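Naming follows writing order (A, B, C and D), and every chain is counted from residue 1.
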């Protein structure tokens, strides 16, 4: 059976653009996907930059005109890895052209935008994928499987945090992440921990938020100072549909933390702990272990935890950050081929956007906010 | 110079009674205090129990009548280690008799009680000490010293938790900790993490709380069921006078956690992390470490961290839970002798009581509450 | 029933003298021993020092003459906490006077001395106790219980280390630990890890050693330099009677290590890991845990692990270094009262002395050495 | 400038074959290498298997005849990922054909074979690379850089271990790793830790080994039992040319351990600790940190630690096992292009083979063995 050909167009070649490019190279090999990926074009801010990045990443063409690329008939998938403010326009164009869309998180700058994008995709029937790659970790899949199988009993609570320190230095200049629309720690990294919370615990029905601006102004890059309105730290209480409660924190001032995407989930007969700092392991406490022998146990990623075995046949050898992206992409290709479900599509991204907006509203109005 | 004699009367011989008894035996030896402690009497629920405990713990007399003991002229210090509901009456009686009072936390069942006790002690001029023993840890003193010396820069945030799982089993019967007045996780263990927060970060000026009852009824011990109104889990957002913000959680359903009294404090140039699970170490991140060599470092307790060296002249050998109590008692004796300040007296306990009440009010009224 | 009175005489008031003094104060209270300990006398290098230490530690008398103290009829137990070179003479004198002898490790400077002491004690029928306090840890007892019950299956191997860094600084002057007779890392700290190995794994039947002197001379404290012949690092391979093999390392130059007394034991169906750096926990791996849920689990010390509950009724609160000494002393008093076995007596200390000598011989002669 | 084309032939498609295939896909993109890799052919045990693997991994041809492939003029690099017994013949054939050879470890079954391969490659002037991928970790490069820069002072000692448990189950049948020639834990995994020791500490000049067979026979897969002569556990003492001493252990029965490739290096003013279980971090202790603030610090991999930044521009996000292989391949391609040194070539592999043989000889003859 000949492999199906899928043409790929990638917009952006920064942090996430590179990660997408790596995934397009790796996913077919790791998962032996029944497709041939044609790395057709890479669009960037200028043709020159695009051509260079295309060469480095193995794409055939480079272009400074993403709109033209999106219209290209030989391209089936559009990857959007540009700053958040551009997701909306690009995704709508790609959807209009009938492409499958693989967009980085967060989906958009606002619920209004996110809803428009989601509804457009659903109307057009194009598959979509949002880049919540931490959810693609085999150990997160294990956590979900264990929760769903009742291995921790009735789930009672959730504590989650996403903390880094890349904004801790007050002398860093104002950047796009500080823009009032779409900026802030909640949108940038809080979206990740909300996605994890909802993925593992089910729908969130009400929130109370506290969005805090700590560094009130930054150098504007032109010798002056510029006021900042967005949050550096957001904390929120959560109520889940299933009855459990919890909290999250998003924090980009957390000095010393580079990639703390951690949670603890406790139930009536067990508990799970996870830290992205050691993301190839999951800690599990079983209350029914023999007395005097109970304790959190460190479960290391192993072939039994699919799809870890695709990367390595030996346990404990560990996958890396870019491998998460390969898993994400493989899932998306399966969805495109109708061989699997859309895992974290725009609709789910819209849920997260709703949550972020509810938390921001709650913080501003100092009241609990119910999700529709 | 002859050592001064101090007579001791201990009320209670349970978990905390035993801990006080151990402290009375150890503190004078460890700290070479210029006193002779006369372990005069131990009062318990019955004379029989009291006599037996007195024998075990090295007290001269056992009595079933704490009131009589409190009136005994040869006794200078009264230790109160009974359930919270009895602190108020006992402390007032001891204060009235002019005794120094060493009371377990939390101070009382309500702010009203706590204020009455505090004011009585201050009017009477008797030294008081509240049993927030986790604060007596040399590594907590180190944290405070580092914060005060600016080693983490401008302090920006605090995350604290006190979680255990001793109430996780829903079949455990209703007990005194479930009583509406004075019960709940916030009072029982949340008081500890609030004390730590305030001790390290300074006064708290406003709070938003969320008190959650998860297990709504328990066996009443007589074949029936009894409804529970108190919190199993309390979460709160905090604003500190110094401008920092933070959060705490108190949780006695946290399956797998036995003694998680943890915090992380981050500032503009460093961070501190602590876990009571390994309470002989403090983790310190210094932003000005050389590039590529930065990381949280594990500082182990050592003689340089007073008063660790009183217990052991070699670093890393570790003190235990009961040793914290000896440090607490030694501090109190120094205060009684006017050789040192009252460290965590009733006035500070009243602050914590105010905080607990503000959090409960906040949760009930779903609004931020300012502290007076 | 009146409590039996036991008179105590303590020789030395340094690191270990203090630890013994604390144990004499705590053990009767913690364990509710059916004895009254009469802290009769403390002997030190001078009467002045002894009187001061006696006051601090609650002993009735201080003396500069340990021989006279050993002869005192009202004294039943002699604690020896002086430098190793003095153990032999003091223990023999105490044995001759019919006292129970509680001596710090290592037992003596040589096998010859150790054998003489052991045989004298056995002939005299006096109870003896050697200060291998790390073995008194409830988590070590748990490890032994698990091994003996077959919880790790057939035991195959042992890896042990005792590493500290208190000699890492080459500018520290020559001291008694550098003396040819009785000095070196093997004697000072290697004895501990050998004791642990033998306690958990059973008799050792052959060894191959490598004793290395790294810092070949040190300041002599008088402006000159003094050559050093003893080992800074000793490594040894071990063969156990039961068929397992293993290794130990003793190292006092291990920069950054303050109290690393660690081991890992693996068997046909499980494994155990322990670190003195966190000595209130034991890590256990069970091969028959369900697939995909296997991992080392962190078992925290709890009342179920006797005698932890004597110190604290709540799990995870942790005992400290000095508490190990109280457990050791309580066991010795039970042995004196014929209520329990002698746990780590001179005979067992002689075994360790034999092992140390065999390792040194092996290193020198570069051959495997069989134990008799 | 047109990119140079390099044709690739891969022998084997198992664990390591897959890892090489991934590396050929990733390395050019991650490192933007100035080459176009033509994934020409994959050889496997049968043409059918080869064709299928070629399709999955993106190679153009599959063949059952590795000899023909090795002779193919369009192929420049031969990857050898077959069982150890075949390395010798394949490498010699590839060298004879003038190919660059990228061979998995250990180099060969014996020193004789290894020397022949090494000398053949050197005579032919073909670049070679041996698959000691753990050495390609940016954190290992950091360790080496720190040692060479004197950041731990004069290096005094090394403790290394490579432990896994994949042979712990005695019911696993006899396999190629149990063959007398080339088998055993020392060859299979001990080679890794010896390579790490030599890479970081410099040449090893003498060894004492202890090779232990624990499971003396295994099912032969045909209903019978087959005796085993190779080691399950090998321990060795090491003396380094620079004067330091150390030890290693290779162990494939270490129940619970999946990928423990750990070491600790201590010097006169600092120490380093590393565990492959968390291979994106290196622990560093600096003796000259301020008193009371000293401790092992956890340095997380970051862009400052080249070439981590090639994979990810944010610190702490972590690379995976397969990424180590990409780094290894990129280094080899640079060597082929004469843009960099041969890093771990056959000559260095021969050193390791010499060490393994010396350890085996030492164990057998029970004596220290000097390296030539």
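Here, a residue touches a chain if its C-beta (ideal position, glycine included) is under 8 Å from a C-beta of that chain, and two chains touch if they have at least 3 such contacts.
Model, not experiment: these values are computed from the prediction.
Student: Starting from the defined contact criterion, work out which chains touch chain C and chain D both, please.
Tutor: A, B
Student: What's the farthest chain from chain A if centres are computed as the mean of the Cα atoms?
Tutor: C
Student: Taking each chain's centre as its mean C-alpha position, how far apart are chain A and chain D in Å?
Tutor: About 34 Å separates the centre of chain A from that of chain D.
Student: Please work out the Cα centroid separation of chain A and chain C, and write it as a whole number of Å.
Tutor: Chain centres of chain A and chain C, defined by C-alpha means, are spaced 54 Å apart.
Student: On chain B, where are the residues touching two or more other chains?
Tutor: If we look for residues of chain B contacting two or more partner chains, we find 257, 294-296, 300, 302.
Student: Mind listing the chain D positions that touch chain A in their complex?
Tutor: 3, 14-15, 18-19, 21-22, 25-26, 28-30, 32, 55-58, 164, 166, 257-259, 277-279, 300, 302, 311-323
Student: In their complex, what parts of chain B are in touch with chain A?
Tutor: 152, 156-157, 159, 161, 165, 168, 170, 208, 210, 212, 214, 233, 235, 237, 245, 247, 249, 251, 253-257, 264, 266-271, 273, 285, 287, 294-296, 366-368
Student: Along chain C, where are the residues that touch chain A in the complex?
Tutor: Touch list, chain C to chain A: 142, 281, 283-284, 289, 291-300, 302, 304-305.
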